[in-house]
Every structure is written in C-alpha cells, then in structure tokens.
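Common to both upcoming complexes is chain A, partnered first by chain B, then by chain C.
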Partner chain A sequence: MAASIRLLARRIVRDAFRTINSSVSVRIVSSSCPSNLSACRCFSDGAADKSTHFGFETVSEGEKAERVYKVFESVAQKYDVMNDAMSLGVHRLWKDMLLHVMNPQPGIRLLDVAGGTGDISLRFLNYVRSQQERVARRTARANQTPSWQEISTSYTTPTEGIEMETEARESRAVVCDINKEMLKVGKQKAESMGVSSGLSWVVGDAEELPFDDDQFDVYTIAFGIRNVTHIDLALQEAVRVLKPGGRFMCLEFSKVTNPLLARLYDAYSFQMIPVLGEVIAGDWKSYQYLVESIRKFPDQETFKQMIEDAGLFSVRYHNLTGGVVALHSGFKL
Partner chain B sequence: MFQNALRRLCNETLRFQTTAKYVHFLRGVRPLSVSARHLTDVKDALPFDTSLLEFLVCPLSKKQLRYEEKTNELINEELGIAYPIIDGIPNMIPTDARLIKNDPETPVEPA
Partner chain C sequence: MAALLRGLRVGRALRGFGSGEPRLATCPQCNGLRRGFHCAALRLQEDKDKSIPVPPSSAASSTTTYHEHYQAHPSKNNTATHMQEAPAPEAGAKEAPQPNTSYADQSGEQGEEYETEEQLQAHILNAALDFVQLHGWTLEAISAGAETLGLSAASSGMFQNGAGDLVLHFIAQCNAQLTEQMAEQHNQVQLGQAEPKKTAEFLRDAVETRLRMLTPYMDNWPQAMSILLLPHNIPDSLKHLSTLVDDIWYYAGDRSTDLNWYTKRAALTGIYNTTELVMIQDSSEDFQDTWNFLENRIQDIVNMAGAAKQAASTGEAVAQGLLGAAVTLKNLTGINQRR
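Our next item is the complex of A and B:
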C-alpha cells in the first residue's frame, strides 16, 4: 500500500514538473541535488522490475541495459571524435596514464572490457611492442661485443631455440563489449592502423563474461563500468577471469575534490557537452545521459569499497585531473 | 540550425569520399601486409581466430565451445545453443544465441 501511495505521489510530482523539465536550469538544479525524486522525470516501471538509475531518470533494470545499448549504438561512429572534443584531447593522457601504471610486460594477456573502439588495447599492444623493440635493440648492441661466455654458449646451444622461447609468448589483447557497433568501429580502426595479430574482438556482457576462469593477467575497464547495470556482478566476473596475481584496473569519471573546480566542471558538463554532442554527433540526449551517469556513479572511496567487497586486494586509486577521473587498481591474490 | 545540417552534410560527403579513396589504397596495400589473419575483408569469410577458443566459453555454462565452420557459429553441445559469428566477431550474448534442438522452449535467457 505504501508502494502505491509512493507511486501516486511520484506521478503527481512528475506531472507537475513535466511542464518545466525541459529547460537547462532544471538540469543544473538537479546536478546540485542528486536526489532524483524531486526534480526529474520519474519513469517508475511497475512493481515487478527492480529500478535503477539511467542518468537522472529512474528506469527498470532491463530498460537501462537496452537504453545504454541504444546510446552507444548511436554514438559509435563519432565516439572517438567526440571524446577528443569533450575532453580537449585529455582522455588520451588518461589512457596513457592507465598504461603507464599498468606497465605491462611482454607476453601477458589483457582483457579490455567495455573496450568499445579499442583505445586501451591498441595502446597496450604498442607499449608492449615498443618495449620488445627496445630490448631487442639492447641485445643487438650488446651482441656486437659478446663476451667469451656468450660465444661459448652460442656454440653449444642452438640460437634458434632461445629466440623462439622468448617470442613464443606473444602478448594478447581481447576487446570485449556488449555493443557490436562500437566493436565494428574499433576493428576498422585497428585494421587501418595495421594492427591485427594479438588483438581479438568479442561481443559479450560484462556481467556474464564468456571467458574461462583464471585466464587473464590484466583486466581493464575504461569509462565503461558506470554503464553496467550491476556493477558488483561485473566486479565478480573480473575476479573470476583474472589469474591469481592478476590486476584489475578501472578508469572512470569520479568526484572532483576541489569545490571551485567542481563548479566549473559541472557548468562545463551540463552546458557544453550536450551542445557539443548535438553539433558534432547530432545527439543531445546521449551526451546528456553521459554527464548524468557520471554524477550517479559512486565516489572514489565507495567504489574502492565495492572493489574490495568483490574480493580484490591492495586496492588503490589515483586521482587524475583533480578527481575528474579516478584510476582504481586491485589485485587478485 | 540549417547551417548545422548543411555542415554535417558536407562533412559526411567529404568523409565518404576520403574513406572511398582509402579503401582503394588499402586494397592495394593489403597483399603486402603480413598478418595472422591474412584473408581479405569479405563479409563473413574472415576466418574466425580459433586461438580464441582457448579461453572463450559459453557465458551461461562456462563450458568449452565447438567452432562450426559451415554455419560460422560457436556451438555449446550441452545446452544446444549456437552463438553466431558476425564479421569475425563472435557474439556471446545469450539472448542472441540460436537454439539448435527443436525445443518448444523460448530462446535462452541470461542467468
């Protein structure tokens, strides 16, 4: 009975606000008071489905997944361009930072969930390849003046065998995303860059990964976990597919600590980004969803707790750009 | 607003032209490139990389899959479902999988 009264109240509030809810000022108000009952449209969907948030709206869980899919389907073609425009190119630095902190060794296996257009995987492969080249150059330089020991070992053992051993374990990146369109764009990008070996593309759900247990050395999810309906399930799956000793790394938008910067950031998010979305990609609503979903995502400490609850250890986070982006990392031990 | 539409139209046509040129260039360059999957980009003939099968499993049962070349699908014998492979990318979403047996059940739902 309480539920039906709540439903009635919500409907009254919704009707009252329907007339004035299209203006940007309401969005700014709602950004400062994140309780989504008062200032937002409430799409309460029956008592059967559990409800969750889609930006500032309340939707059923099934609906959220579908709407997120539609958002990314429509932005897929212009995704990379929009990233550059919205972040003024800074997203590249964030992703480079992720790779730098990861510091992958050649021969490891990376799973890039919600990898979409493959930014992280391509960076990973480049990093590992340039490392291998550096090592190769160093050994070539060293071989120019080999010691007596090295000459004697090269006589006794077949050189081919030694070389094969180090090259046999080639680094591998698997990009997994729930959205086919994003993967298609990513695949085309990889082909145009000439990267094809060591990179695989799979359509899969982060909450139900199609991979065997204990398979990957590193699991990354960059700017994707806030779109997952059940974040705890995604974290559990991450723990499942990681090898013992494997690393979980997550880049995500987070809470800005400095209040002045926070206000500037809010103004930029709600005034500029949807406008950019409309001008460049022709899609205001998707980018409205983007900035709203950032506000709904838990802050650094809460997310750290969630990661620890899933069973990862030594969980740390680095704030990038004053807290605009946080890089969380944990280990499966 | 009309200017925006016009600008977008120009951008799209320009992009289309450049990608058309690029595709021609790429077709010439492709035979030279040495890569693991060296077949050309025909619709479905991109050979599915079977090395993926090492760790790719059914998301529902977490059991190994069998690659069926004829229908270009990944088959889970136990549950009798087949995951399609489109453009060389396997689609491992349970709701997109096809039932193989003639069961009157509705398609598989995610757990």
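Our next item is the complex of A and C:
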C-alpha cells in the first residue's frame, strides 16, 4: 500500500517535472525563436545564413566546417584501415600515381594540405631519397674509372662542390590539416616508420593557410578538397603559397565515365561502404557522408575550369580507375 | 597565426602601392593573368639581358624565329623588341604587360595564355640547353634550366614528354637556323651579291653547317639520338628530318616534280644520317674525318647520278641501234617491200 502510494507519488512528480520542463522548453524555444530570426536577419549577408551541401543534406556554411571536423575526428584512428578496406588497397596505387606524375626533383618543398595521416608526404620522402640514392650510385659507378685529368683535378680542388650541393638541397614536406586528431595519427605513423627529418606537421585551414607567399614548389591535396566549404578560396590560397613555376596537384574522387562501371560503383558506394564503416570503425554516418560528398563534388571538366579560374595554367587531368579518381595538375606561371 | 600573416600581407601590399609597383587585386582571374604576364615578362627580360654562352647564335636566331612564327601577332613582337631595347628591367616589365592585356581583350583569355605558355616553355628549354653537358638530355636539365629563370624546379612537369621535348626543341631550333642561313644566301644570290654554288658544294656546306651546330653537345648526342628513336618520338623526329632535307634541296635549286624528288631526298637523308653517325665516333681534329666522309658520299651521289644518265643514254643508243638493225634485216629479207 505504501509502496504503491510512493509509486503514484513518484509518477505524479515525474509528470509534473515533465510538464514543467516542457513548458520551460517551449518558453525557451519561443523566446529564442524571435532572437534567432533577428540574428538570421542580421547575418543575412554573412556566412551563417548561406547554405551549402553536407553530403545530401543542406546545412549552413559555418555548420559544415564543424561537422566535417567531427567526422574526421571520429574516423581518425581507423582512417588508414578503412581506406584499405573500402578501396581494396587501390588507394595506395592512386597515391603512388600522384607521386609518379609529380616526379619530384631533390631539394623540392612540398605542402601536403589535408594531409592528415601523411600518406603523400611519406611517399614523397621515400621517392626523393631513392632518387638521390640512384644518383649517388650512378656517380660512384662513373667515378670507378676516372681519367688522368679527373684524378689530377681531384688532387688540386679541396672539396667536391656537387656533393655539397645535393646535401644542401634537402627536400622538405609540410603536412597541413585542420584536424588535430588526424595529424596525431600521422605523427605516430611517421615515428613508427622511423622518418624524422624533413617532415613537419602544421594545423591549418585550407581556406586560410598559415604560410607566407611563394613558399612551396608543390602543393598537393589528396582526397581533401571536397570537404572544404569554399573550394575557390582553397585554390586561391594554393596559388598564393606556391612559388612561381610551382605545381598544384589534386587527387579527388570524380565522375565515372563508363555507365556500366558507374552503376556498379554507385551500388558499391551506397550499399557496401557505410556497412564497412559500421563494422570496422563503428561509424555509419561518417561513411555515409563520405560517399554522398563524392557525388556532390564537381566533375573533371568543371573542376579543371575552377582551377583555371583561380589563376593556374597548363591545367590537365588524368582519370584513374576509369574516372573513379581524377588527378588534376596546374602550374603557377 | 593566419590573421598575423594576413596583416603582414596587407602591410606589404600597402608598401607596394607606395613604391609604385602595380599590385592589382581586382579579381583572381586578372590577378593570375597579370601575375603570369609579370613573371613571363620578367623572364623574357632577364633572358634577353643575360648573355647566354652556349650557343649564342641559336639564342639570337630563336628570337628572329619567333618573330617569323608570330608574325600574325604584331603586338607581341613589338613587346619583345621593346623589351630588348628597354634599359631598366623594371621599366620593361611594367610597360610590357600593358600591350599584352590590350591584345588579350581583343582575342580572349585563352589565346593569350596559350601564347605565354608556349613562349615560356621555349624559354625554359633554351635555358635547359646550358645544363645538358652536366645532366644529359634529361628532366633534371630542364629543372635546372627552369631554376635559372627563377621558376621552381617543379615546372619541368609541364613537359609531358620530358627529355624528348628538349631534344625536339633543340632540333627544331637548329633546323630553323639552317633554313634562315640558306634563305639569306639565296637572297644574296638573287641580289647578285654572291655567286651561286654548284649543287654538290651547296649540299656539302649545308650538311656541314647543320652538323657543326651539334658540336657543343657532342658528348651527349648519342643519348639524344636514342631519345629520338623512341617509338613515341619517331613521328616527330621523322617530320623534322624530312623538312630539313626538303629545305636543303629546295635551296639547292631542286624543282623536280617527278620521281627524282623522292630519290634526291632519300639520298640526302641517307647521307645526313650516316654522316651524323660518323661524327659521333669521330675523334679527329675539328671533325676533319667527318667532313672527308661527307665529301666522299656526296661525290658518290654525283657519280651515281652521272652514271645513271650515261646508262640511260647508252640504253637509248643501244635500243636505237637494235631498231636500226631490225629494219635493215627486214629490208634485206624483203618483208618491207610492197609487191
């Protein structure tokens, strides 16, 4: 009897609280609504009111950056594993292709924007190191049978000028990402690979890079530019930080040209990838966003036009894997 | 941090305005174009001012070649010559973009960019020729050349054919130079200031002049020849070779319209290629062995032509003789008589 009365009392109190809460929330909402509307009217020409796409959703521009940040914060730990699972390892070939097309000479400075876990930068350092080794081997082989003149000049000159030149021209890569979690994962990866020199990690926004003008020889952005809210601002920043003659390279998912392959690709993207995301990383929504954002990105020709509008010349693109990925390249002349 | 840099940039821009440097920030497109012109104009100016050591004649001829090529665009030529004469580099760089932009207004953005790009690529390749002795005919030479013009080494990525672009550019330059010299000689003969050469002598001089242009790069020339023989370069290299041989024969006075056209060009192609191969292995003083070889080959051709003519006339004489014998026989046997 006492217990049932206590239960009844508890239920009444709970209901009372609920009504109070609901009334309070209603009042709060009603009170905040007009202020919200007035705020919206105040910012009618500001970014808060302009809407953009977040996957297939429409959100305000300020919100998009925040939500993208949250997506990558949650996927950072399993990012590399998920890349391998979703693309069946082919993403490594795409990134190798980027390096092959770039064909960096020793002594070049690379800026890897949205570099996150540092895939491109680590490949870049490997490439340049192996090239330097090859050159060193070639010169060693050439020096094995020196002529009498070469021997006599080596006695007279104090030091080898060419060797010092290659040592002084050390290549450097800077990984820039807006997300600290991704950079943390990348730093751990670099340490485990034993790469210490020639690599720096910087937090920065692609639309507003924390670097001076005319700093870098090559600017790359691999699978990152579709997450940027204002792509044209990112392109303008790229033009700013590149040296004259510098190269802009962008690896990004794009429109598949073959209709049959397109249908297979769509089925795979929308059916398989979020499921993989849920199973491996425990995050359905982030990978849903990923495949939707791919569909929202402009196609190869449109993006080429955007790059040309930003002021880059000699813009070309290669389709990889039948158009699943496109590699755009332009020069600042 | 970003805000600080933005402030620094604004400060620098304001200082730039004060010193009179044009820093237009109207729209990104114009900015990019103007910057492109600014860079290209500065490079062109530096290129003209700098004395290019090897090869000096090719640099001078390249400007005249471009004058010939771009005769359809007189404003461009004016800016080039204007920049050559301008004493101060800054004045040249400042004045140069203005006629460019007016030209751009007439014909649209795309055409102007394309021309600046092509000219810039040609300048980079010209600068890269200086580094061929050090790096060989490779992309590294092109990167080194780009760096002397103030561009980043990454701009060598513009040349998708890599070393092939460099070699083909050099060959085109040499051929253009030779054609120019032959045209000049031809003019002089027309004006009566010089005596016309005999065909054999003309051919020998033309091939010798053309091969002497290779002497600065003789150490690496085998590498260049192997690059030209790569399958994707064969169409272009054959085109250059055939136009070279055609030009030489034209200025030698050949106006044939029959099978001789083909035989003459085939013969000269053979002579040129074999002489080039001999020159690569030649270690004599001033390539004297090569010129002797060339002389002998041309003599062979002349002798063969003479022998061919003789054979033709002999054949004709023999045929006439046989015909005469046949008619005599018919007369003797009486077949010809009408009864």
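One rule holds in what follows: the second predicted complex is superposed on the first by the 281 of 333 C-alpha atoms of A that agree within 3 Å, B and C clash if a C-alpha of one lies under 4 Å from a C-alpha of the other, contacts with A are read in each partner's own complex, and residues count from 1 in each chain.
Here, contacts are C-beta pairs under 8 Å (C-beta built on N, C-alpha and C of every residue); 3 or more make two chains touch, one makes a residue touch a chain.
Here the structure is a predicted model, which means the values were calculated and not measured.
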item	value
First, second, both or neither for A:104, with chain B first and chain C second	second
Touched partner set for A:205, first chain B, second chain C, both or neither	both
Partner chain(s) touched by A:333 [first = chain B, second = chain C, both, neither]	second
Partner contacting more residues of chain A (chain B vs chain C)	C
Which of chain B and chain C A:310 touches, first, second, both or neither	second
Chain B versus chain C as contact partner of A:187, first or second or both or neither	first
Touched partner set for A:55, first chain B, second chain C, both or neither	neither
First (chain B), second (chain C), both or neither touched by A:213	both
Interface residues of chain A shared between complexes with chain B and chain C	204-205, 208-213
Of all residues in chain A, those that touch chain C in their complex	101-105, 107-108, 204-205, 208-213, 217-218, 232, 236, 239, 242-247, 309-314, 329, 331-333
Chain A - residues contacting chain B, complex	174, 178, 180, 183-184, 187, 191-192, 194, 196-198, 200-205, 208-213, 215-216, 279, 282
For the chain C and chain A complex, residues of the former touching the latter	1-2, 5-6, 8-9, 28-29, 31-33, 35-36, 39-40, 113, 116-117, 120, 139-140, 143, 146, 149-158
Partner chain A, residues of chain B touching it in the complex	4, 8, 22, 26, 33, 35-37, 41, 49, 52, 55-60, 62, 64, 86-94, 96, 110-111
